[in-house]
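Each of the next two complexes has chain A plus one more chain, namely chain B in the first and chain C in the second.
Right after this comes the complex of A and B.
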């Protein structure tokens, strides 16, 4: 009999501790909206932090800026930021908290595809609009499953299309691919294969590597001996830098194409001299000063870049642009009177037409919750240790 | 009538447990904690299975996440790709991990010592690798998506309180089943294996068979947890079924006490509470990041192994019992029969 007393005490203790935590910040809302609450989940820590950090910063920057300008029609904007630590489980918990405890009007995030898919489940179950900052097409496809889900970054599909367009211009039609075996790389490879016929490209060698592999000479040699005319590398740092170095050291003169995943200065510092001449598709935020002034996005991009670099000691990178567009799309809906969860969804789907963001020009429709075309990418190459815009 | 050395299930604890489950969502209405408690329930199911394996059969599994993942992916593929009802896929999601454990255990049961630990460690890595590489079936590292939700009597079981009750209902079933096994002939046989395999086999206990059975049972529990995890959300990815997860399950069992079904349950809850505490502190102090969690888990494991090798629950219970009984002794000042040392329940 006495054995169970401790059980009871423990159970009571657990209940009490949790109850104490829960009362701490119970918000009071009396039907009237005194502020617009948006929940933002980004991977500020963990493996996805290079993505999440600029997105997080962009959200903070915009919240301050909008409120300093008097909020949205006089009502302040509140962005509740949550870190999912690059884990699906944490993303689920935070999304539940934001949707049910904080009663946010919309969710933005997360940085990674896995975490975004986890949040998608909750957004759909609870009928809350969600705008993701992750790359995978599966977030907004199939459309029947994505009623409540939008996303801002270009999909791998558009990046591949942009590279293939460039290859056609250059008259290259035999390529060797080498992709990371992680989610990013495999999704890229899928698109490279799917779109090859459409652009009359032949994949003569298909190699892969693991994210932390220190040497890819074997794969590069294989691609070279398969008589490819170019190497297309799909991965994020450090893999592509290692490949560029290996090709350089082996004296292989094939042009190297990368994905938008290496659109950062870090790639150049990792690859050093070998980075010269590597070509990638990228968003315009990588080099706002090189974008021609008649570009439709010029003012949005350069203004955000200026504000970001003034406030933080780092570059916003393309991820910062996703963070910017995520917040501004939600704000756009709120500004136009879409102030409940369902209205925001409807507004985004019906009224975002030729909307100019930092990533691209968005056209959301019922069938397309990504809303971007391949022209939202520009091509860039490394020249004298810097990413340079290719006209 | 009580037989010397025979322990019976105390239903008292189960009742308290049920009351605690029912009361919890009434006191704590915040969705964040309900979600935490739901995950705690899923992990508790795995921990109870692993506790039986470790505490009773004396075997260590470093690959529980593999069975967890196999269960989750089995039901995901059956329901999303093949269009089965989730309830129909439940038995299969239990059967597949069981078969996997059977084939593993078939050879392992003849071995003793740390061979099972090593083999399960490898199994965990193999299964994780297959989930990542089997793109055609598992959709690879970016995760499997499109998993349908559970419905019961025409109602969809959403995340939050409904799913919390579903998960803890299954925890209750697992708990009752485990308590019964522990207090049955099988349980006594298992405990004898844990204490001395040679002694029990010379007493006529088929040690290999029992070890294998409990190994399969722990895999079935992990499969059940996987089934619950998969239908909670829209997608799952291999990152939830890594070696890290297996270690976390191990930590739950060691912390709570491997010689006790209740211990594993408490261990799962404690690990979750540590997680919440670190998370809350992390919001106040930026230097506390998610990595601190692992530091704390490690520290706790070391402290538990050094100071209470039997785990938290049995140690605390014994201590409480001793103090209460001493008080009773003083009052009555009569000699009491020596107290049984362990509370293996």
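Right after this comes the complex of A and C.
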């Protein structure tokens, strides 16, 4: 009988060791993490796939690269990728799964504004840091509702500011706007109107169109008759290409300005020669080879571009840069000892100052969870069928 | 004045696009009483097939023929595999069947052609023609001409050929037509083939204007359908008038009131006309009495 006691103790010890082992599988050993788990939700399929795909690829690329370099201070990084199929319902499901079942330290994504807003509530309720890759300002504003939510892409506001700064330089102060009637276009128009006074710009004609309209000559004619000095188009393909073509065919020589929504090669192939001279604000990843070498982002942008194109045989586009910054911001926090959900949030808000990403230079504060200024955009124009950097 | 002229020309350009799409709706409806909501997808297939052929260097005339043949085949398959099997189902079920087909075709197309828009070069040198200070591109003139040609051919076919008479007969009274040795089944199949061909012609004609993409069918389908109703379902000249009117309302509404309200203006007038003439502008009391 007594002889059995040591055996029991031994058995208990073995089971403890085994339990510790299985705990280690779940990610911790004596309270120490053995891997950093981050959940990433992107729209790899569905209508938002042109956004989600480069973001997804960037996350995969960085995970491999960081782990090949020995992880974060020796601890491997695990990014659990989930595809929300460009649907808000799916995004919510995946967010719940990642936060509750996978127990991730931080959530990144999603690609679209709608999907990001859908999972914002989960992040806030469960107190998990979320870093979105979508454009809408509403993701991080009002700031009281966005305690746990950050985002990396510039908002419409900065794009409008950048265009207005450029217009001021060019001495243009009367513009006609034409915007898509969808969410992207109307939110752009909102900013164009809100910021006009500040930059002493007068909007003399305000037109709109539906994404699939076949011809916008009427609107362009109206803007021209209103004596505007430039046309500002807010939309994504194909609308702006149709407008550029219509203006070209009508023989209207007004300079055309676009949004960052057409910062892609497809716009140029659609509009053809009518694209020549169109000016837009864009992130630097549109033409990494044209960024001057003394640019503060030069090395990070060109390095990412090189690695991405080598691995995927396609362009990372500006969306790839959001994917990159999302992961690297989380990694930056982890690297500096912020290894639980709350610490990551606090680290981002307090310690991300002049942090150089591929999209821009971030300065997060308690009031600003986007952290970018208009200078994170550069101006580009179409020259000989290619987007060209304007000094 | 110059603006008015420009708005008119733009309205005619847009209107012709709607009209040419509307013709396809009318053809199927007048024979089978089915509103084929996949008509927009025929147009989309026409545009994208044209794009594929032209981009590999096939000459335009050959691309025209190949595109029409290909889309016609799809139309025939749709009738043969789906509509015919469900014969005996009521019109509503058949219409729902066409919605399903359109989603299916769109899904396949997004895989074949991707989600981006494509470009097709204009048929001829595309330097805009200036009329009294307003401009119109030669491609828009092509669209108007092709539309007129199609309506003319349709008229010749329906009114002057035996097949056309048979077509009309099975639309007016399928039972009587059958007793006269006309097979309504074959006519139903033929109406799908014909409207697919019309869809293909619409698609290839507008391909250089509208950037063809897998998802363009829905918008064109709705506008084309509206044009067909406005003109009086079952009437080919009505479809043309309906299309042109909608195009002009849109352009004038955008030009003289507000581009944000152009749809509200267009469809208010649209409803008004339908209240005054419930069967459409050229519609007869019993629509589809063979008045194609």
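Throughout what follows, the second predicted complex is superposed on the first by the 359 of 391 C-alpha atoms of A that agree within 3 Å, B and C clash if a C-alpha of one lies under 4 Å from a C-alpha of the other, contacts with A are read in each partner's own complex, and residues count from 1 in each chain.
Everything below uses one rule, namely that a residue touches a chain if its C-beta (ideal position, glycine included) is under 8 Å from a C-beta of that chain, and two chains touch if they have at least 3 such contacts.
Here the structure is a predicted model, which is why all the values come from computation and not from measurement.
Contacts of A:219 after superposition: chain C is touched, whereas chain B is not reached. Once the two complexes are overlaid on the shared chain, A:85 sits against chain B while remaining clear of chain C.
Applying the stated contact rule after C-alpha superposition, one finds that A:131 touches neither chain B nor chain C.
Residue contacts after overlaying the shared chain place A:301 against neither chain B nor chain C.
Of the two partner chains placed by superposition, only chain C is touched by A:272; chain B is not. After superposition on the shared chain, chain A has more residues touched by B, the comparison being chain B against chain C. Of the two partner chains, chain C is the only one that A:50 touches; chain B does not reach it. When the shared chain is aligned, chain B and chain C each come close enough to touch A:181.
When the two structures are aligned on the shared chain, A:237 is found in touch with chain C, with no touch to chain B.
Shared contact residues on chain A (touching chain B in one structure, chain C in the other): 181. Across the complex, chain A meets chain B through its residues 1-8, 10-11, 14-15, 17-19, 21-22, 26, 45-46, 83, 85, 87-90, 92-94, 96-97, 99-101, 113-114, 117-118, 120-122, 124-126, 136, 138, 142, 145, 181-184, 186-187. Contact residues on chain A toward chain C in their complex (touch as defined above): 47, 49-50, 178, 181, 207-210, 212-215, 217-219, 221-222, 225, 237-238, 241-242, 249-251, 266, 269-270, 272.
Against chain A, the residues of chain C that register as touching in their complex are 3, 6-7, 9-11, 13-14, 17, 115-117, 119, 126, 128, 130, 135, 137, 206, 209-211, 213, 215-216, 219, 250-251, 254-255, 259-260, 263. The part of chain B that touches chain A in the complex is made up of residues 10, 12-13, 16-17, 19-20, 23-24, 27-37, 39, 132-133, 135, 139-143, 145-147, 149, 156, 158-160, 232-237, 239-240, 262, 266, 269, 273, 276, 280, 289-291, 316-317, 320-321, 324-325, 343, 345.
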